[in-house]
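Going by the order they are written in, the chains are A, B, C, D and E; count residues from 1 in each one.
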């Protein structure tokens, strides 16, 4: 019985996933790209052709069969670096996203659900964080901490990127909070914690996930930005540090465009892929935004009807 | 063969932009040797003293008095006379304004007084004999007493309507991105400068100077340019040139007060594990000069380097991993755990960080290569990039295990040794934290200033080289290049390998003034 | 009654959704005579509003009118060009939408919302338009000062009146009222109905009155049409439809309303749930909820036929009973 | 009114918190400006001179608390002391030179992105079922989510370096004098194309999506249908009835965007050596120029707060439902 | 059929007052009195209908009874004990079990992310009405009780897969799960389709009669009040103006507001204009120190004293009460 119940549930989830991708090219393209990039990162040791941290050739070798994406000024293999860099960059971005969204959910939901004084205070803090210019703050903080490894950047990005999400979640929680199913759960005697976790949170999944992706994109860009400004740890292999080295070795001037463009495009494609997924998620939470294949059907039928009526 | 007069020299300045501040002490190196003429220039390239405003200087026999004689008929750019009183004022003024006391002549208490004895002579009186004191004098700006003595707060004084004695004293304009200084109508050297003006342009960093140089927007670069042959030179092989003579020597400083570097054998082995030529070639584009001198000084001081010492300790700086491995084995550092890295005699893995400043990328690359060579001999080292404030304090307070660092650039190598070994400098400079000191060496260094006898001084320098090579408190790597690119499309007269009349350092006012006076239109 | 003001012939409306095509109005034909009030009843989602939208050709993607014609004074609305359509809209037919809360733009004064329709269709000055607007408001019992108000500054009933005033602005021949009072209190509803009676007397327009409240319908309409799942299943004189309903659905509907004064007995309403337009059965759409199904209910779609009582109804049982 | 007063109260408190934080930040950083000078001089400076130099810049006075009081005072009197980086020029003056350029860059790019984005968004929502509405938004989402440092670098590479179409640095040709001449304005515009362009490319998508989502929501509203049923021209329906309401959520986003735009201009300025606040901020950080760093953060905070306040005012003005 | 004695009072309310703050300050005028001096009794197995226009405080009253809101005055007696006392003795969970609520919006009262099973299983678990083992069967039983078959399939569905009437049945099943004494039904049918309203009403009537559950039935629709409830109370701006036996209240209304309400109800048998027996007038906002009868402004026969005092309760017939000076 339970088993049957479970498999039905799985089938439902699967069906939902399929429905999400069906006739939704942005979701498909985004999902595909993201999967490729994730796989590249996960299986970096398998795909990498060289040790990313070792000098393996003369400086600035153009792309060739041996060095698929060329080598850096330091004679390191760009392809292997971009794979291993993905690990670092994505870990930073995803962890920062998780930290930020956790704070955002905690603050947003508490603020929206409990209301009153708690809400006033949390909302105030959120707004203060919101108006404080984040990037300069990051730059200064990064400089303050001196040696900024990826861990520090992760934490910094995580603890500074939550207010926007918190605000959206708060608004949504407040909307849900007054829905009758919450009141009826309260009247029924559900505990507050359970109401938050079981009754409210599942309704916020798409918002939280959307916010998470947004934060990941942002964190990835910021990590790269801090890296380029020289505020990251240049000895780690990440996309940010790759760009940094490409920058300091003036790879663009010396014609070694691959050293700069490869990590730049890696960043661009990851950001783009996540944005496409995010856009598709938007369509799930707001069906009005949905632009599906049914519109094509509609266009065809409309044309036929107009013809029948003798309109152009 | 008449020299053409006129023309404008354009030079890059890394900074945020220009403001109307002609106080040479607070305007960051912009004006020395341009608007303000030095008294003299100690030319380390030729070993000669080039007399500028001063025409001579003499020590008394007890080395406690210096009599400085100015040229006759010197004038300020406004035409008024420049006298010994101005010179005396220029020095005494820094007593109250400590921030201007560039060389700290007043701080150690050795200087008693400075007096103008007549219109052209100034006398410096010292407590104790110091034959090196005179080297300080070229760094101070000579300024008109009539203007400066009337200002109440010199630190915030911006010296509007500047009066100077250098080749370019007339301010044509100052804009945020650019400023232009033009020739001094009353320059003391007949027919000089040949150029009309110097234009300063502000740039953010090297990466912007590179295209500017390539495009010929600037004539004189003093910056790191990546892959210079393929970029800058290739853009116009006829006229785009560079010359990178040796500058300060770069060493890996080690902290000999702690294991494992307390062991001289280990230091020696590590030194022999490095292929300096490869490092220079790859990590530094081949621009630096490899430093095979174990004596602590590099090619910058080539005239002082003792060939015998270098030859004797040649092994220490020659790449020889086999020998290094043998030495390490013999000293008891073996890999018992089988992870490819050696342990100390008591079984602890040898692993240390090499500190380097975050953002000093050329050095980071060097250190990365160094770690690779150390790995070859089974020694585990990590690159640790730190903020310079951390770097600064660990060097000064001797908190590092290994750190890449330069040695002092000075008029004479004795000053560099002073920084390395004088126990009075421990904790004050970046060079004395390695832990190798002794009273004998202190005395040896002290002795240098007490004599004016060249032979005696040469011997002291030789002894110091031997001491360095035997103790190896730092592992020499190479000498930094003096970054110098020039464009001869319009302007010629540049120093270069064929005509090395001066080390081509832009930021040294003394050297700068020599070059500016030598440049002229093609 | 002479020539019909509005005649709808075989009109169908589809919604193209990701899950399939839903036919919200299926092959509906009806007509409205000048001065007549036609009531359109039926449960939620049966296609009443969809039909009303179609009359002013307000459908946008994903709605679609595959067939049928809508003849206003003999001219097919579905074949008009943009200019004719714009002139037809409001001049000839105005619409009072389902809820007044939403059909007034919250950030535009009601004055502007009133005058712009006048200015768009008539060659008058702004001043004249304003005078006309003031007059219109007073017709529905609101003081002219309110022109400068924003919708949120008015009560629900007042807003509904403003919407009616706007609908009257060009004195159209036909006003479509889509549940104009559902969101209101009975008392306010009554006030508005009273207003409506007066206005109709004064202007003499026809009304297409949409509601699911049959009691209200019986009161206000001359004729009533009842829809079920996109089909018009019964249409005829209001009192007859209400008192002697023919179609089983109409019967159920009539008995779904407890009355205030009648005998207090248990009512049974209509069992089951409304149908899903995407999963219509073959045959009669009502079969699943009907207690008296016969054979061909499952296979044939019933068509609208005249009944003994004078109404038209679409039901196989009625055929059998005949 | 009480709404605005409350907001004002909030902004003031937020401002106080921000500037206090601002005060703490540089003090938490290791090293001080003189250390930085010393490091930058790479051994050409005498360590003995450092204390004297410290004194010259005024870094030795008082306890932290006294410094704090002095700082707060200086904030409200706008007398922020001398900059270390450009000593002895006052911080106010240094910022005065850079701020206009940053404002130009940040606000200019915001406005351009806003105009383009809102137009595209409106059109894309109106022609939702068409090619434009279906293809443009995803493509844009893709492009604009290139991290902006990447966008800036790519533009820098292709247009500045490869094609040599546009200048690579500065706010205007350094040989020109600022003047109200075509030459000068042209030069300013030409120098702004790349930095602004990179920010616009990044910014557009935000507005397209904001506007499109808002529009699509509004287009479903009864009042839009009613406006159409009224036989109004489609232009009037689009802009007066739909656009007017759709712009409301967009207006609130503008305030946020101003903050982002200022922040974004930092990276762009660095890439294109644009002589704005960001460039100076970075230099200031390297030089540990406390007064300058603080002042710049102060400016940014003030800018964002002001922007938020303006957005509040705008909102009250745009949405009559709030003003009661 | 009914097994309970007629007169057993389950829930009694005496002079209930509920204020809401509407401004920031604390003076009485910045409070709104949503419920004022309301008293009634709920008898076992009976239904009390509360009718009145929107905003007259019907829901507020019910919410005070479920302890969502704190009362600001008056007494609530549950099974003869003051509410606080009852909660102290039996725990608030027990009270939550005894008094259930059904809401107006059948979509809003079910959490879209949870299955129907979850909705009905939760109260069973919270109130320990079923062991883990019997849980599933118990859920099916309840679904069957409210006529939601096939039960197994229905249990797996999510709220959006059900029609409005089905959803409202789920809400009822969920209330029934814990075997309550009292169900507060806040306009349970107003958002439902006309054709399914009656089904819900009949279901509730059966529960009332067969299970002896007491209902408080809140509605706009006075005709359904008469149909379903034994007693009816009419509210206007937080005040109860007329109450008693439903038939008496609807057939022989005495209070001018009740008359107004009844005269406005659409009836198919009538047609044409129907004058309302009241002046047009604003509905007042009631503050703690407002005085008089709230209906005075619209009352056709208002007297001077109507503006100063709210009339005392007058019994005008057996089980028929009114608060009006004009009796």
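In the analysis below, contacts are C-beta pairs under 8 Å (C-beta built on N, C-alpha and C of every residue); 3 or more make two chains touch, one makes a residue touch a chain.
This one's a predicted model, so the numbers in the text were calculated from it and none came from an experiment.
J.: Could you give the fewest steps needed to travel from chain D to chain E through chains in contact?
T.: The fewest touching-chain steps linking chain D to chain E number 2.
J.: Spelling it out: a chain qualifies if it touches chain A and also touches chain D; which chains qualify?
T.: B, C
J.: Taking each chain's centre as the mean of its CA atoms, which one is farthest from the centre of chain E?
T.: B
J.: Between A-E and A-C, which chain pair is linked by the larger number of C-beta contacts?
T.: Of A-E and A-C, more C-beta pairs in contact link A-E.
J.: Need the CA-centroid distance for the pair chain C / chain D, whole Å please.
T.: 53
J.: From the mean C-alpha coordinate of chain C to that of chain E, what's the distance rounded to whole Å?
T.: 32
J.: Taking each chain's centre as its mean C-alpha position, how far apart are chain A and chain B in Å?
T.: About 49 Å, centre to centre.
J.: Which integer distance in Å separates the CA centroid of chain B from that of chain D?
T.: Going by mean C-alpha positions, chain B sits 41 Å from chain D.
J.: For chain C, jot down the residues that touch at least 2 other chains.
T.: In chain C, 61 touch at least two other chains.
J.: Listing for chain E: what residues touch at least two other chains?
T.: Answer for chain E, listing residues that touch two or more other chains: there are none.
J.: Could you say which residues in chain A touch two or more other chains, in rising order?
T.: 143, 146, 247, 253, 295, 298-299
J.: Pairs of chains that touch, anyone?
T.: Pairs satisfying the touch definition: A-B, A-C, A-D, A-E, B-D, C-D, C-E.
J.: Which of the residues in chain C end up touching chain E in this complex?
T.: Residues in contact with chain E: 43-44, 185-187, 189-191, 193-194, 197-198, 212-220, 239, 242, 249, 252-253, 255-261, 264, 266-271, 273-274.
J.: Of all residues in chain B, which touch chain A in the complex?
T.: Those in contact with chain A are residues 207, 210-211, 214, 225-227, 230-231, 282-283, 358-359, 361, 364-365, 368-369, 372, 383-387, 389-390.
J.: Please name which positions on chain A make contact with chain C in the complex.
T.: 23, 290, 292-295, 297-299, 301-302, 304-305, 308-311
J.: Which chain A residues qualify as touching chain E in the complex?
T.: 1, 5, 8, 179-181, 183-190, 198-199, 202-203, 205
J.: Can you check the complex and tell me which residues of chain E touch chain C?
T.: Chain E residues touching chain C: 53-54, 163-166, 193-199, 201-202, 205, 220, 222-224, 226-227, 247, 250-251, 260-276, 278, 280.
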